[in-house]
Amino acid sequence: MSERLPVLKTYKLYLGGAFPRTESGRSQVVESAGQPVAHLCRASRKDFRNAVVAARKALSGWSARSAYNRGQILYRMAEMLEGKATEFVQALAATVPGGEERARREVEAAVDRLVSFAGWADKYAQVLGCQNPVEGPYHNFSLPEPTGVVTIVAPDEPALLGLIGQLAPVLCSGNVAVVLGSEAHPLATAILGEVCATSDVPAGVVNLLTGFREELLEQFAAHRDVDAISAAGVSAEERRTLELGAAENLKRVHVLEVAAAEDWFEEARFASPELIESFVEIKTLWHPSAS
Amino acid sequence: MSSSSTTWDYAPAPESAPAEIAEAYGLFIDGEFIEALDGGSMDSIEPGTGQLLTRFAVAGQADVDAAVAAATRAQPAWAALPARERGKYLYRIARRLQERAREFAILETRDGGKPIKESRDVDIPEAAKHFFYYAGWADKLDYAFPGRRAQPVGVCAQIIPWNFPLLMAAWKLAPALACGNTVVLKPAETTPLTALRLAEVCQEVGLPQGVVNVLTGAGETGAALAAHPGVQKLAFTGSTEVGKKLAEGVAGSGKRLTLELGGKSPHIICEDASLDQAVEGIVQGIFFNQGHVCCAGSRLLVQESVQDEVVEKLAWRMQQIRVGDPLDKNTDLGAINSAGQLETIQRYLALGQEEGATLHESGQFGTLPEGGYYQRPCYFENVQPAHSIAREEIFGPVLSVMSFRTPEEAIQRANDTPYGLAAGIWTDKGSKMFELASRVRAGVVWCNTYNRFDASSPFGGYQQSGFGREGGRHGLKPYLKLTSWGAEG
Amino acid sequence: MLRRTVDRVAADARAASFRTRSIKKDAKLQGLRLVVSMTDLTTLEGKDSPGKVRGLCRKAVDPAPGIEGVPSVAAVCVYPNHVALAKQAVAGSGVQVASVATAFPSGQAPLDLRLEEVRRVVADGTDEVDMVISRGALLAGRTQQVAEEIRATKEACGSAHLKVILETGELETYDLVRRASDLAMEAGADFIKTSTGKVAPAATMGVTLVMLEAIRDHHRATGVRIGMKPAGGIKSAKEALHYLVMVKETLGDAWLSPSLFRFGASSLLNDVLIQLRRLDTGVYAAHYDVSKE
C-alpha cells in the first residue's frame, strides 16, 4: 500500500473579508523539519494598499457598533480560536521551537487574551474617560474615541499571542487593523483569517498579511491614510523607519518593548487598558448647564 | 423731554500701573540668570507700538548643554522629594502668580500685544490655576492610573508659542514638575518676558536649582534643545509644520513626544440655535486673542436657512469690536503679535480675494498708537471649501463663512480637514448636539459655547493637530513612566 | 416668526462682559448725565402722600441744583391716585408723568377693571402707562390671552405711551422672557419693561440683554424701534453706566436716548448725583449732600 500523499493547504491573504491571493502572485513555502507544510502568500505593497482601503471603508461601521456588540464579536473570535486550537497548536509547533506543549500554552493564552479584551470593550471608556470639574456653569467630560486605521507589526515570537495581544485592544476600542504577522512563523497569521471570517467580524475590520518586513515596513509607516501604528519586536532601525514615516502625517506610533517572548504571557501588562489607551483619542465635550 | 447727545463713547482707559522691564535679560540656568556663553542676543519688540521693549539672550549649543546638564543634575533629588513637598512648591508658584498678577498681565500685554483685559482676566488667572491644579496631583499620581505605578520620565524639553506665553509655560511646567521631572523651557522669540519673570518667581519660592531652566532664543535654540540626547521627553506647542520636523527629529531616539499643533476648527451653527448667543460664540471663537489661537473657530459653517440672519448679526456685532492700544482696558482686539504675523495675515486677505471670496473688514479703531501692528477683524463670504482661507491656518482675526443644508453635510464639511483640534456646535436640540459632537473629529468640542478652558479639562488634537493631552488627569500621562503593578518595570 | 431660544449661560456671559468696560473722565460725566435724563424717578409705596409726590416732582425737574449741566429726569412714575397732582407739579418742565396701572403690581383683577384704570389715568393726563401682563396666563401657555390684553390696553391708552412690564422675576427662564418680549412688541408695546420692582429678582443685566436682543430682532423685522426699561435693582451709578454700554453695543447709539431707554429707579438717582458732584467739585460727597427724598 502506498503512503497517502497529504493535501497541502494553500493559505491566502485575509483582506476585506475575503481570501485573495497576493496580487503579486508571489508565494512562500513554510517548511517543518525540512518538509513543506504549507504555501503562503508573500504580500506586496499593493496588497497592503488594498488592505488599507478595505480597513478605511470598514471603520465607520465598526466604530459605530455598540461596545457590547464589539465585545461579543471578540468573544466569538475567542470561541472560534478555541475550536481551532489543535490546528493552531500544530501550525505553531511546526516551526516554533518548544513543541506542542509550548504551542498549546500560547494558543490558550491567546484565547484568554481575546476574552479579556472582549470584556474591556464596554468598560475601557469608563476607566479612560472622566468628568472634569471645570469652573463655571458647564458640564464637561472626556471620552475615548477610536483613532482609526491602525497598522500592526506583530513580533516574530510569540507569533499568535503577540499578534492577538496587539490586535485585541485595537479592535475592542473600535479601530480597524491591517496586520503584518510574524515573518519567522507566519502560519498562525494565515489561519487566523479563518477565525475572523467565521466570527462575525465585519469585512475589512481585520486584514491579515503575511510577508516580509523589509518589503512592507516603509509603506506601513508612510501610508497617509493610516492613523496609527502598533509595533512589537522591531529593531531600533525598524523603529526609526516607522517613526520617521509616521512623522509626515503625525500618525500615532506605539512601540511595545518586550524583552522576551515569554513576557507576552504576563497579564498584568498585556491585559491592561493601557494598550487600548494608545489607540484612542480623548475627546472633551463642554456644554453649558442652565435652564 | 431733555434729549442728550447720541454720540456717547468711552474715553481712553490705559492701564497705568508700572511694571518694571529691564534693558536686557539673560538665560535662566541652574537657578541663576546668566549671559549666553557666546554673548548673542535679540530684540524684543512691543507689538502695540513697534518699538524696542528689551533685549534678551539667545541660547546656543553650549547654553543648551548647560541647561540640560543642570536639569539632569537636579532631577533625582526633585523626584526623590516627598511628593507632597513637590506639590507645595507648585502651590507657592500659583500663589505668587496671583499676587503678582497685575504685573504679569502688563508684561504679557506689552510683550505680546494682547488686550490687557484678556491677559488680566484669562491668561494670568488661568496660569495660576494650572499650577494650583497640578500641585494637588503631585502626591496622588499612583491613583491617577489604576493598576499602574507612576514614575517621572526625566528631563523634559518644552517649547512654547507666542500666543499665550505665560499660560503655555504653565500648561507645560505644572504637570511636568508635579510628576517629578525637571524642565528646560524655551519660550517663543517674540514673547520671552513672562517666562523669564516666571523664572524669577521660581527663585522667589525657593525652587531647587536646575528644576526649571529657561532658554530664550529662536528656532535654532529650540532645535538644539529638541535634539539634545540628555532630553527624555519633548513637548511642543506650535505650528504643524514645525511639529512634523520635531517628530522626524526624534524618530528612533526613544524620546517621548507630545505635540499640540495647529487647527482650522469648524464652528457649526444649526438653524435651531440660540442665534444671538451663537454669534457671541463665533466672535469669541475667532477674535479672542486676535485670532492667535490654535483652536480658533476659523471655519464658520452656518445652516443655510439662517445664514443671512447670522451674517447680518455677526456684521453688526463685529462693528462693536474695538481695535487698539493693547493696554487700553476697553480694547477688544489688540496688536498682532509681530510684523511678520501681520504680513502673513495680510497675505491671506489678499489670497482669499484672489480666490474669489468676498472680504469684509469691520471693527472700529480706538486709540491706535503709531507704529504698532494692527488688523481689523474680518470675515470672508463666498468661500469655497477648497479655498486656501478655508483650509490653512491663518492665525489671525479672519473668519471664513460657509454654509450647510443638513447635519450630514455639516459633519462632512467639518471633517474635511487634516486637522482636528476643536469644534463648536450650536443647536438647541440635545440629540442633534450629541450626534454632531460624537462624529466631528476633534479633541475639544464646545457645544453652545466656544473657547472655554480649564486646568481640569484635557486639551489636545486629533490627526495633524497633534497628540497627547494637556490639562486634567489626562495631562499627567505624557510626563509619567507608567508600569503595571506586578510586572517588571 | 420662528420661536427664538436663548442660551442663558452665554447670554449672562455676554451681559457680564459689558461690566469690563472702563468708563472714565468725560465718558463718565456724559454717561451720568445721560442716565439722569433717562431716569423714571419712581415712588410706588402704599404710604405715598401728596407731599412726597410733590417733592419727587421737584427733584425730577431739577435734580441737582448747584451742579451745572444736570438735566431733568425723563419722567416721574407714580400710582394712579397721584397722576393729576404730578401732572400739575411738572407742568412745563418737559418731564413726563408715568402711571402704573392694570392692577399693578399683580394684575390680578378682571380685564374690564384694569382697562378702566388705564382710561382713568389717561383722563387724568398721564403721558405714559406702565402695565403689567398676566404672568399666570403666560406661564399656563395662554399667550393669545396675554397678547389680546396688551392690545386692549394699548387701545385704552389712546395717545399715551404704553410700557409693558413682563415681571421677568416670575417668568424665570430667558426663553419665556424672550417670548413675552416678542408678543408684547407684536401686540403694540412702545416700551418693554423688566419688572414692577415688587418681585425679586428685578432687572438684571442678563434679562435686560435678552429683551434688548428681542428689540433688535423686532427692529430688523419691522423697522420699528421699541424702547426698553429695566426697573428695580439698579442702584449704583457704575451699574447704570454698564447698562448704557450694553444698550450702545447691542442696539446702537440711536437707543441712547430717553425716548428709547429708561431706568425705572428710586435710589439710583442719588448715587448718580453723588458721582456728578464729585466730578464737579473733585471731592467725594458726604451722604447728606444729596437729598434722599
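The first chain written gets the first letter, and so on, giving A, B and C; residue counts start at 1 in each chain.
Note that in this section contacts are C-beta pairs under 8 Å (C-beta built on N, C-alpha and C of every residue); 3 or more make two chains touch, one makes a residue touch a chain.
No experiment lies behind these values; they were computed from the predicted model shown.
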* Which two chains have the most contacts between them? -> A-B
* Going by C-alpha centroids, which chain is farthest from chain A? Tell me that one. => C
* Starting from the mean Cα coordinates of chain A and chain C, work out the distance between those two points in Å. => 70
* Per the centroid of Cα atoms for each chain, what is the distance between chain A and chain B, given in Å? -> 37
* Asked: How many Å are there between the centre of chain B and the centre of chain C, using C-alpha atoms for each centre?
  -> 44
* Where chain A touches two or more other chains at once, by residue number -> 136, 138, 288
* Structure fact -> Among chain B residues, those touching two or more other chains are 448-449
* Would you please write down the residue numbers of chain C that are in contact with two or more other chains? => 7, 9-10
* In their shared complex, at which residues does chain C touch chain B? -> 4-7, 9-11, 13-14, 20-28, 30-31, 33-34, 37, 71-72, 74, 94-96, 213, 220, 244-245, 248-249, 253-254, 256-259
* Residues on chain B engaged by chain A in the complex (per definition of touch) -> 129, 145-148, 240, 243-245, 247-248, 250-252, 259, 261, 418, 433, 437-438, 442-449, 452, 454, 456-460, 462-464, 466-467, 469, 472-474, 477, 482, 484-488
* What part of chain A is in contact with chain B in the complex they form? -> 127, 130, 132-136, 138, 140, 142, 145, 227, 236-237, 239-240, 243-244, 246-250, 252, 259, 263, 266, 268-269, 272, 274, 277, 281-288
* Footprint of chain C on chain A - complex, ascending -> 136-138, 288-291
* To do: Would you tell me which residues of chain C are touching chain A in their complex?
  => 7-10, 12, 172-173
